[in-house]
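Supplied in structure tokens, the structure appears directly below.
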Amino acid sequence: MSKKVCGYLCKGCGIGDALDLGGLKKAAGEQGVKEFKEHDVLCSPEGVAMIQADVDAGTNALLIAACSSRAKTDEFSFGNQVLVERVSLREQVVWCSAEAEDDDRQMLGEDYMRMGGVKLTKSEPPAPFQLEGEVAKAVLVVGGGISGLNAAIAAAEAGSQVYLVEKEAELGGFLRTINKLGPQTAPYRELEDNPLPALLEKVSGHANIKTFTGATVDKTEGAPGNFTISLSNGESLRAGAIIQATGWTPYDPEKLAGDLAYGSSPNIVTNVQFEQKAKEGGLGGINSIAFIQCAGSRDANHLPYCSAFCCLVSCKQAMYVKQANPEASVYVIYKDVRTPSQSEEVYREAQRQGVIFIRRDEAYPTITGSDKLSLETMDVLLNEKVSLEELDMVVLATGMKPNNPKVVEAPLVAFGEDQEAAKKLVEEAKAQTEDWSVLNLQYRQGPNLPTLKYAMPDSHFICFPYETRRTGIYTSGTVRRPMRLTQAQDDGVGAAMKAIQAIRAAEAGCAVHPRSGDESFPEFAMQRCTQCKRCTEECPFGAINEDEKANPLPNPTRCRRCGVCMGACPERIISFKNYSVDIVGSQIKAIEVPEEDEEKPRVVVLACENDALPAIDMAARLGKSWSAFVRFIPVRCLGSVNLVWIADALSSGIDGLILMGCRRGDDYQCHFIKGSELANVRMSKISETLQRLVLESDRIKVAEVGITDHDKVAGIINEFMETIDSVGPNPYKGF
Amino acid sequence: MDYFLYYGCSLEGGGVHYMISTEAVAKALGINFHEIEDWNCCGASIAYIGGNEMQSIVLNARNLALAEAQGGYDIVAPCSSCYIMLNKVNRELQAHPKLMAQVNEILAEGGLKYSGQIRVRHILDLLYHDVGVEKIKAAVKKPLTGVKVAAYYGCQTTRPFGEYDSCENPHTQDDILAALGAEVVEFGHRVKCCGSGIFLTEIDKCAYLVKDIIESAAAGGAQIISTACPMCQMNLEIYQQRVNAITGANLNMPVVFVTQLMALAFGGDKDGAAALNRLVVPSGPALQAVGA
Amino acid sequence: MDYNQTFAKEVYEKVDSGDEIKVCMQCGVCGATCPLRGEMKYGPRQIWSLIRAGRRDEVLNNPDIMLCTSCYTCQVRCPRGVPIMEVMHGLAHYALAQGIVPRAETAKFGKAFWEGIYDTGRVDEAVVPIKYCLQDGLVAGLKKSLGMMDIGLALMKAKRMKPKMFIPPNIFIPGVHKIKGVKQLQRMLDKAAAIDAAKEA
Amino acid sequence: MTDETKKAILVVGGGMSGLSAALEAAEAGYQVVLVEKNAYVGGRVAQLHQYFPKLCPPYCGLEINFRRVKSNPRITIHTLAEVTSIEGAPGDFTVKVKVSPRYVNDKCTACGKCADAVSATIPNPFNYGLDQIKAAYLPHDLAMPLRYVIDPSIAGTDEGQKAAAACPYGAVDLGDAGQELSLNVGAVIWAAGWTPYDPSKIEYYNFDKSPNIVTNVQFERLAAVNGPTSGAIQRPGDGAAPKKVAFIQCAGSRDENHLPFCSSICCLASLKQSTYVMEKLPEAEITIYFIDIRAMDRNEDFYTKVKASNKVQFVKSKIAMITPQANGNLILEGENTATGERFKAEHDLVVLATGMQPNTALSQVPFDVTYDPYGFLTSGQAVIGVGTVRRPSEVVTCVQDGTSAALKAIQAVGR
């Protein structure tokens, strides 16, 4: 496209007083932004009108030198065909340089003008990616239990075509085995009817829902907006998004043979088996019964987590017994009664009906006997060991395991690291990975959704619970985490929302979470590819497949636009229209490096735009200040940092670099899962590059900066400046 | 302002100075008290030992029925225990028609019937809500300036109903005393139980309750304790020497009824309307400031 | 110890307000709230849990069930709305009805108090203590009442008690006036007694 | 499908639930109007120091959501706005909204000159009144919109004039009279959130009588770097670092005299807050008094982790009484139900795990909807309840719920 460039300088918020605008314009001019307009308050209606007028007159590339790109976003966006580059003179120059010399502040401003200028001139407005052929708008739901059924109905009622796949011969999942539901609705005291019949009626009656029972998924190919799914029954379906609602499996009671004598008597049953009996009306003749909570849950030797539903299920099942025989002695032996929110009333109601709750300690009760059972347990509240005799039945409240294969990933290994060791790690990871699959994804990175813990397939389970690491594929219900029936029900509806949204994004050719709406996407200059596989291996979302010659096959609708592939590529063949190795490299080169004797070191901070950048903005607004020798360059993710930038920076005389990104490790915060981790690993190998250049490794620092660490920003920078002083100037200056 | 004054057994005996002062206060405030003809004991909270639940219901139902038959005024109980028993039974009868019917069958033995029209009040309720602090202020002739008093509520004065004042943090008596011009001191134990219910028989266990309450009042700077319950007054007052003997404390704190202080402030004679001569622990220096 | 629901059911059915303890969640507020918490082996919470465990003798013979000062503090604070004080009284009453005496002295005093009510319709604070004392027999009783003489004298001095303490109680006491309707009252109380007796049987 | 032609979705409440609902619907192509009663969106999570179980800052997720909002032209936000009436039915609602004056228009650049100019202060609502803030203020560091607020208390005063005079951009508008909006929408999502239960109602805890008894929400502020103490945990009474911290669970929850239901987040909140103390005051003793520890699902791991630290003493007892001492310390009385021991324990800082009261129990939806006995909205109604007005829930469930509410809403406008 032919660019019509114009720069706009704001004089407000102290910019006009602190900086020589002429100098700023001149600097930008060196990078191709010749024309400039000034305004006292650029974000004011008048200022914006001034810009809009130019845009209407054909200006389509704007360098807006004012405040942070995070501020005044409405005022300074002019539609996606107009390139806007923001230069943060306010936050990154004026507000944070209180202690700086005037000329240093001016140089700082001018560098940012150059950096902004070069980025603007080298960027192109993104053109949304369009799938070939028609975008598939159907939603595939795998799993016909409470969550899947609700997902299917919700999506269908929102107008989507739905394919519902269930491996059993009938729909319903665990609902089929359920006698009654515990109290769900106010006043939370009455048992309720199984909702399955009503759900089945809705499903069978709905024109938008096509059901496949007794079928599993053999193969899932393609990408959001264009999945092709082959079923075990030979059917082939096209879907735009997928919901995996494969539910749970009861924890294997055989594993409790030792701890809770399971199998030693037909009268020791699991809560699932007991429900079946209740459904078959087989609860007659129970005069005395004990329910044992946390049978295999909250136990390091079995399931370390809490299965979340067992306490309420035991309350419900205890009510079955009481209602069949009010005289029956019914005991619930628990560690903590977990009946959260309104369901506290269910606990009370069970008590009202005469159910006795006995608090035990960590040790399991001992169960003996074959027909009539005896049970011995610590009664914490009596502070003594007690025994229950003549029990007709003992029910083990066993927990839930998600129906999803466990995936273990090999730890990241830096380039150049001992490749044998790396292979070994991969092998070990493979060994721990379960070798079955639900979706059989035909993805370079494997057939399953990556899992974090306990085979639960999610990535940010607090803020963005639906986000798996496979775009357009959402999990729903107990496959994601143990939850109660009502939650699984709502969860299905939410998953349907995400699926519909993903299809919409595929249609529009833009990204989904977290860069929702971003129309840029990575393009590969294939002819220069060396088939090193790094991009295909390191993409956190498995977006890139491989052909038989190991050439990368990108799937833009799977892509989240983080740029990790760009950071991984040693050949620099991967770029976005407005974000590339060349653009950032040029920004670095645009920094003017003073002669050594001027004693004005230069440090580049590559800052994650999700956490570090906001922290820097906040620090500046709060009046923190730091060395005027640093230049910030926001990056989409530290994972997108290409080593070339480091090398270029150092060889052009930059004295040091800081990579500021978010927390890594088990409780990582990276919105692209392992960008921060990757950067760290890559930097661990940077020493080689440095040795080649005969430079000190102190010149590179990877710093974890959370979004609320604005109080630390100044400290980190100033400390690093001292380090740079001690190691001395970069010998490459002036080359 | 017409009310039944349910004297209760104490006011005929150890609480006689409560009766005298209450009647004097009523006069000064224009309250007409009527006696419930032939009322009987409420049973108090100890009745459960000799009698059973239904019996203590009947005891109180009879009084309620009499009151209903004799004019239906609100029953005002100066004694907290009477107040609780009458009120509790009244609420139960009003809430449970079946119980009411059953009880009426029994009342029929005495040709009585109760339909649930009566309201049961504590005397603090009457003084604070019906009379009001302003009217009390207006009646003051001799302000209790300089009198450092602790307002003691004890247990049954507000618990369990908390109808006219908070169970945990009551204020009505404090406000009334303040209206009299007295200095009401900070007092942590104001709602702590003094154990009167079983004091006589479990004195070794309960002595400490009295000790703590009186010492807490003294710690706050109180020279005198005011109560609105004959059990509390008697229990806190007459056993002080015993308590000293058991606990090694050194208690000598006058304990009076709020109505005695009111009578005094309303200009009544200290040994007449205020019946201070009925104290076992003389008011001594506590009321010297106001010449009593 | 074996768990057994027989006693729990007995309490639910026969003890006044007994079934209300079912909803106790064993939080412990009652025990910690009681003014006599330091004097009790078991607080209400523990007593409920003993009932649930079926410890009949331990509960009914437990002197703590009769140590209640009736202050209602536990009852107003109980997060599950258990009328703790009523249940305590119910338990004590039930124990006495079973011929068990958890606390002899309080039992005697209560008995004297109730007799006062039954005989006259009202309670005479001067007579009740004597009746209470004399349950130990004349000699011991007089001794006990002499032990209380200081109190009695103090009250008499303050004109808050009529001098009846030394009149042998077995003969007619003029000072004690009966209410007019005492006979009907007694009939009522007898009828009421029958109803609860049926329940407790 | 041309969603733009369809009626908009109204979301009432800009907390985690409302924000999620608004974003999910807007990103699926629907028009959304978000009405928020505070001067900023983000709700109560913005006031948290960290989330359990990851101990990460809520600002992190909010920043992403705010960027989603900024980059999405389909979302309109009205802050300081409350719904006054709703008429109609799903597919066609007429909703009246009252917008209170902010006295600062969108010319504000958040430069802060107005705050410098005024001297009047108000109790800082963002810090639950733990400190004072200028009466011309930015609600918090990540406020969205990033715009100052002039407190009504000074709008008509010289102080207000000072603020106006100090603003170089004509952003202070003391004449702002607020406005009444009338919206025609196809669906209404009610995400009004919750209010911490007022602990002064638990009289025997004497909350009002000691500054060293704080609520769990206040404690979040005491630990937050942008809080009143810049993240130093101090006793409000004297600024001293506490040595013996107590967390009292079910302070109002699971109590028929207060909130009969379980607030379901407080156990994890206290476990989380115990880690704040461990980190910032390694020497301090920590005790958690509880009835049951309710760390549901994978959050159990967090409970396990805290137990493993051996830094926290867990005492199974509901606290029956708190008595302030002259030295500012507090005596806690309870019965250790595991040992039967009735104890008195002295602590120098007490944190009450106060529960969640649904805002629908405090001010009802101006429409014919049904509530459960506690004031929570029941499911399946014309006005779609979401998040903590449906049931006490942690952030995850609110996001989940907000997302499903968005779908129910697009079904309604699709009609």
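Each chain carries a letter (A, B, C and D) given by its place in the written order, and its residues are counted from 1.
Convention: a contact is a pair of C-beta atoms (placed from the backbone, for glycine too) under 8 Å apart; a residue touches a chain by one contact, two chains touch by 3 or more.
Here the structure is a predicted model, which is why all the values come from computation and not from measurement.
With centres defined by CA atoms alone, the chain at the far end from chain B is A. With centres computed from Cα atoms alone, the innermost chain of the structure is D. Should one ask which of A-D and B-D has more C-beta pairs in contact, the pair is A-D. Distance between chain A and chain D, defined via averaged C-alpha coordinates, is recorded as 24 Å. Centre to centre, using the average C-alpha position, chain A and chain B are separated by 67 Å.
Here the spacing of chain B and chain D, counted between their Cα centres, is 46 Å.
Measuring from the averaged C-alpha position of chain A to that of chain C gives a distance of 66 Å. Along chain C, residues 25-26, 38, 45-46, 76, 80 each make contact with two or more other chains.
Among all residues of chain B, those that touch two or more other chains are 167-168. Listed for chain A are residues 337, 381, each touching two or more other chains.
Of all possible chain pairs, those that touch are A-C, A-D, B-C, B-D, C-D.
Interface residues of chain C, counted against chain A in their complex, comprise 1-5, 8-9, 12, 22-26, 45-46, 49-50, 52-53, 80. Residues 203-204, 323 of chain D are the ones that touch chain B when the two sit in their complex. Every residue of chain A that touches chain C in the complex is listed here, in rising order: 327, 329, 331, 337, 347-348, 351-352, 354, 356-359, 379, 381-382, 384-389.
Across the complex, chain A is touched by residues 1, 23-25, 27-29, 51, 54-57, 59-61, 63-65, 67-68, 70-72, 107, 109-112, 141-142, 146, 168-169, 224-226, 230-231, 254, 260-264, 292-301, 304, 316, 337-340, 372-374, 376, 378-379, 391-393, 395-397, 399-404, 406-408, 410-411, 414 of chain D.
Of all residues in chain B, only 9-10, 12-17, 38-41, 43-55, 57-59, 62, 102, 105-107, 109-111, 154-156, 159-160, 162, 167-168, 191-193, 195-198, 200-202, 205-206, 208-209, 238-239, 241-242, 277-280 touch chain C in the complex they form.
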